[in-house]
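Next come the structures, one after another.
Each of the next two complexes has chain A plus one other chain: chain B in the first, chain C in the second.
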Partner chain A sequence: MITTDNLTKSYGDTLVLDRLNLNIKAGELYCLLGANGAGKTTTINLLLGFIKPTSGNAFINGLAVSEDPKKTKKHLAYIPENLMLYPSLSAVENLDYFSGIGGTHLSKSQLEAFLDEAGLQKVAFHQRISTFSKGMRQKVGIALALAKNANVLLLDEPTSGLDPKASNEFGLLLQKLRNKGVATLMATHDLFRAKEIATHIGIMKSGQLRQEFLATDISLSDLEHAYLKTMDYKELAL
Partner chain B sequence: MIRSTLIKELRELLRDGRVRISFFIVLLLIAVATWISKTQYTITNQQYQQADNEERAVWENQGEKNPHSAAHYGTYAFKPKYPLSLVDQGVDKFTGTSIFLEAHKRNEAQFSQAADQTGLARFGDLTPDFVLLFIIPLLIVFLGYNAFTKEREMGTLVLLKSQGTPIWKLILGKWLALFLPVFTIVFLLFIVAGIVLSNLENFGVFNWQSLGMLFLIYMGYYFIFINLVLFISLKMKKSGIALVVALATWILACLAVPKAASNIAESKHPYPTRQEFASNILQDQKEGLDGHDPWNKQAKLLEQKVLKEYKVDSLEQLPFNFDAYRMQKGEEHTAEIYLKHYKHLKTQFEEQSKLYRGLAVLSPFLPARFMSMAIANTDYATHWHFADAAENYRVELQASLNGNFAENSAYGEWSYRANADTWKNMPQFGYDPPELGETLTTNTSNLVILSVWVLGTFLLLFFTTKKL
Partner chain C sequence: MYQFNSKYELKSLLRNGWIQLMTLLLLGLFLFAFYNGNEKVDKRKNDIQAAFNEVKESDQNMLILLDSVQRGMEVSASRWTIPTKPMAVGNYHPRVAAMNPGPLAFVATGQSDLFSHYIKPKASGDDMALNFTEISNPVQQLFGSFDLAFVIIYLLPLIIIAFTYNVLSSEKESGTLRLLASQPISMRSWVFQKMGIRLFWVVLMIGVVLILVSVIIPSGVNIVELLPVFGVTLGYIFFWFALAFAVNLWVGSSSKNAIALIGLWLVFVLLIPSVLNQMGNALYPMPSRTLMINEMRSAKAEATKKQDQILDNFLRDHPEYAINDPNQNRSFYHRYMASQQLVREELQPVVGRFEQQLQNQQQWISQLKWISPAIIVQQELNALAGSSTKDYENYRKQVTAFAESWRQHLLPFLYSNEPFSTDDYENLPEFQYQRLTSDTTLISIIALVFIALIGVILGFLKGVGSQSTEKFITQ
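Moving on to the complex of A and B:
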């Protein structure tokens, strides 16, 4: 579903992504961990076709992103760190618009059903987005993925700034999508959430994927230890 | 996608208080301007009809009179107010409404509306053309300056791009969302104007084709502004900067370039002052035949020529009144002098118009303004056309009066009186402005320049879209 083959990106002499190889299958949720500037967002931007790779290839559902960026976006949903929607429109109207421009035209009841499935409270369906919290906006983003029937989900630090409850709810939603067979790539700093929801975890540094784990094979403390070691951080003893 | 974007944009516009207020103000301005214009149009036309009828009655009821006295008594050619002046009053306010037609002299049009106003008239009038040419482009600026910058600032552009939809469809949706409110306002104005004009009785000949053409010209003008504003919004990073650049473009196009064009045209191809113009004509007249002065050198030469031609020894032996004949010849000579000097004015006017057309490269306002005035028959060209028609009528009237005098009296018989019915038999002055086809032909260059602007800005938008 999501594949990268020696994916490399550099700006002049600065190498920001170095021969990244990923293979995320249906129903897998891959969490990319790493400090700022590790190359996580660059990876997502390359998968979205927003930037072109210096070398290597990115594939979505077997289609090369650089060759057919429009087609690859057809069944792909993207939720950035701060999902911004149109503040003067309601949740239903925003969902209607974004699914509409993606080519999916839905009835009002269908739109409401997707918002409901994404966990948004019914009372908020017709409220303007300007009154929404970040967590509520992220739910609209998930509803968009559901409405698009996306089988690939790209998330760029979606839980940053969310309170624990909202973060937990968001994690549960991702698991729900995973169970539906959606392949998810999530860039995050949140080790705890990554351990909770991911099937696979990768640690990046300076544009390179330094370590990979199966989430079931590693404990949270070992993950933290591996992360800090990769980052060359000293562990603070309590 | 285009439909989805259009609906979304319209929803956003309608929910934005600033937009609602701007829209309301423009509608109010249009309604007030149309009402004022309609009232002025009705009053002016009533005055025109009343003056025309009364003046004709005065002319027809002169009684028995020497034809040359009647020629000096004179009459008036009144300029009708054309139906589309309800939309664009053009230069009507400054050009005068009537021309006094008398013997030996071509008079300028007088009694302009501007001359009757106080200094406050310098502030300008609230007219539909003011709203159409200045306010609606400003509305386009306010509605569209942040069409794309807001997407960047809010972060929604990223989400839009991630949907994999063609950007041109997004831009077309936004283009339509900007065009639709403008179209609605202008369409309403033109429909109301059309209904008002087609229901007025005896007030000129109104035709929907001219109104439709005028509407198309304004649509072309707005296409240009919509394209420019969207281009600016696409290129700028922040809404504030986009607003400043869009406003600067509006100021340049609608205010600065037209004013500069006027100054440059006047300095490069100046009209003679009124004093110079009059003194040049007087000079030429002095050197030629004076119909009233039998001792004038040219009059003496004419006398000898006619005596020789008719093979007679004295003027009394001629089969017509030589005094009247001489006056007619003097009249023809004067008409030629006026023709020569007015031709010079027209040449200057043409040169100025050429310069305006050249400067239209910098501003779509100029070709749109000229086309609008031309179709509404309120431009200088139509005024010249009217003044020439009045002059032709004057020359023919003088020839007819002098002919009557010459044929029905003997040399020196100044006591001759033409029959009281003579005046009724003289044709009344009537004037028809150029028809739409003729107007479009004479304004082809303006039409081409406006079309180039429309096409150019569409191409500009198209290529910018590709780089988004």
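Moving on to the complex of A and C:
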């Protein structure tokens, strides 16, 4: 579903992503951990086709992103750190617009059903987005993924800034999508949430994927220890 | 994509206070310009009507006097004003040579506030050419006329800039760009469609105004007559939207886009027309008008000295006047009118130089107008309104021809020493202004659309995979 083959990106002499190899299958949720500047967002930008790789390839459902980014975007949904929608439109209207321009035409009841499935309260369906909290906007983002019937989900630090309840709700939604067979790549700093919802966890540093774990094989404290060690925070890791 | 873009873009426009304000401003400006232009046309019509009324009144007095003289009654009028004398008719009862405003005159003031709209050419008058002297109102020149052409050429682009400068950049600044760019769409097509929808909105507003105007304006202008104006305006709007499309894709942030578009407005609307105008004046300077007046006076003085000789030559050239006249009385006007003919011939090269330079200037601007859509639109709207330099030149030529026919109608009475009678009144020539029709409207519209297409192509040439695009989306 999500594959990278020696994916590399550099700006001049600065290497920001170094030969990244990932293979995320249907129903898997891969959490990429790493400090700022580790290359997590660059990976997502490359998978979205926002930037072109210096070498290597990124594939979505077996289709090369650099060859036809428009085609690969049909199969994926993306939720950035701070999902912004059109403030003068309601949740239903935003969902209708973003799914519609991508070619998915839905009825009003279908749109409402997706928002409901994403956990948005019914009272908010027809309220303008300008009144929404970040957590509510993220739910609209999940509804968009559901509406698009995307089998690939790319998330760039989606839980940062969410309160614990909203973050927990968001985690449950991701698990729901995972159970539906969606392949998810999530860049995050949140070790706790990663351990809780991921199937696979990778730790990046300086554009390189330094360590990979199966989430079931590692405890939260071991994950924290491994993370700090990778980041060279040895005194904290002891 | 288009269906959803149009549906939600229109919804957003209707819910956006700034856009609503711009729309109201647009409507207000157009309606005020229509009102203002119409007021000017009404004043012009009233002035012409007043001149006709004056002539009517003067003619009635003339007919009463003629009737009294023909009945052998005593009349209390100066000898030289009694209308049995053809020169009294020619000088004291001239006809009105009026340039009546056309149905679209309210569109563009053009040259109409610089030149006279009616002239009463006298039989012995030689100062008629001076009536065409530009009478410039410095305040008017500073601010220009607030007519429809001013709103279309100067203000409409600014409103379009306010409508369009941040179509793409606002998405980045508000944070929706990344979500948009993650959809399976072409960003260039998306911007193009958004522009198209805003273009539709502006065109709709202007269409509504034109329909309103065709209903409101009492002069009876109908919507069909307004279509060429609408067409030219549409071409100009298309040009500015195309420019904004290219700037949105090539430049970047909202502030940079706004500065770039305002800069282009300055270049196309102010700089190029001013430079071309100045260059026209520098390359083809108009001869001094004072010099022309001095030359006219010298020629007249010379002719006055030789009036007897001139009259003899004139009568030799026109033996019909001598043959039909039994008494052969020769007064001041016999000599004067003969000498005037000579003066006109001598002044022809001086007047010709003026005309030639004016023509050269116009030709210079006409050849280079294609580099600024603002000049194309100004010239076309002036032509449609009948207030272009060409229209006033056409009017001047018609008045000069009429003045000649007025003189030629009365000269046989003068040289045959025949009195003018009430029966001759009906045969006096009348001036009928023949309006020019603009045959360049379609070419102008095509040219505007062609220039606009260059902007659209420039926008589509912006490489999506280029490094600046990468930076634009990801930073």
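One rule holds for everything that comes next: the second predicted complex is superposed on the first by the 233 of 238 C-alpha atoms of A that agree within 3 Å, B and C clash if a C-alpha of one lies under 4 Å from a C-alpha of the other, contacts with A are read in each partner's own complex, and residues count from 1 in each chain.
In this section, a contact is a pair of C-beta atoms (placed from the backbone, for glycine too) under 8 Å apart; a residue touches a chain by one contact, two chains touch by 3 or more.
Worth saying up front: this structure is predicted, and the values here are computed from it rather than measured.
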First (chain B), second (chain C), both or neither touched by A:Lys52: second
Partner chain(s) touched by A:Val123 [first = chain B, second = chain C, both, neither]: neither
Partner chain in contact with A:Glu93 - chain B first, chain C second, else both or neither: both
Set of chain A residues, in rising order, touched by both chain B and chain C: 48, 50, 70-71, 73-74, 76-78, 80, 82-89, 93, 96-98, 100-103
Residues on chain A engaged by chain B in the complex (per definition of touch): 48, 50, 69-74, 76-78, 80, 82-89, 93, 96-98, 100-103
Of all residues in chain C, those that touch chain A in their complex: 1, 3-5, 7-8, 11-12, 15-16, 174-176, 178-186, 190, 465, 470, 473-474
Chain A residues within the chain C interface of the complex: 45, 48, 50-52, 70-71, 73-74, 76-78, 80, 82-89, 93, 96-98, 100-103, 141, 154
Partner chain A, residues of chain B touching it in the complex: 1, 3-5, 7-8, 11-12, 15-16, 154-156, 158-166, 169-170
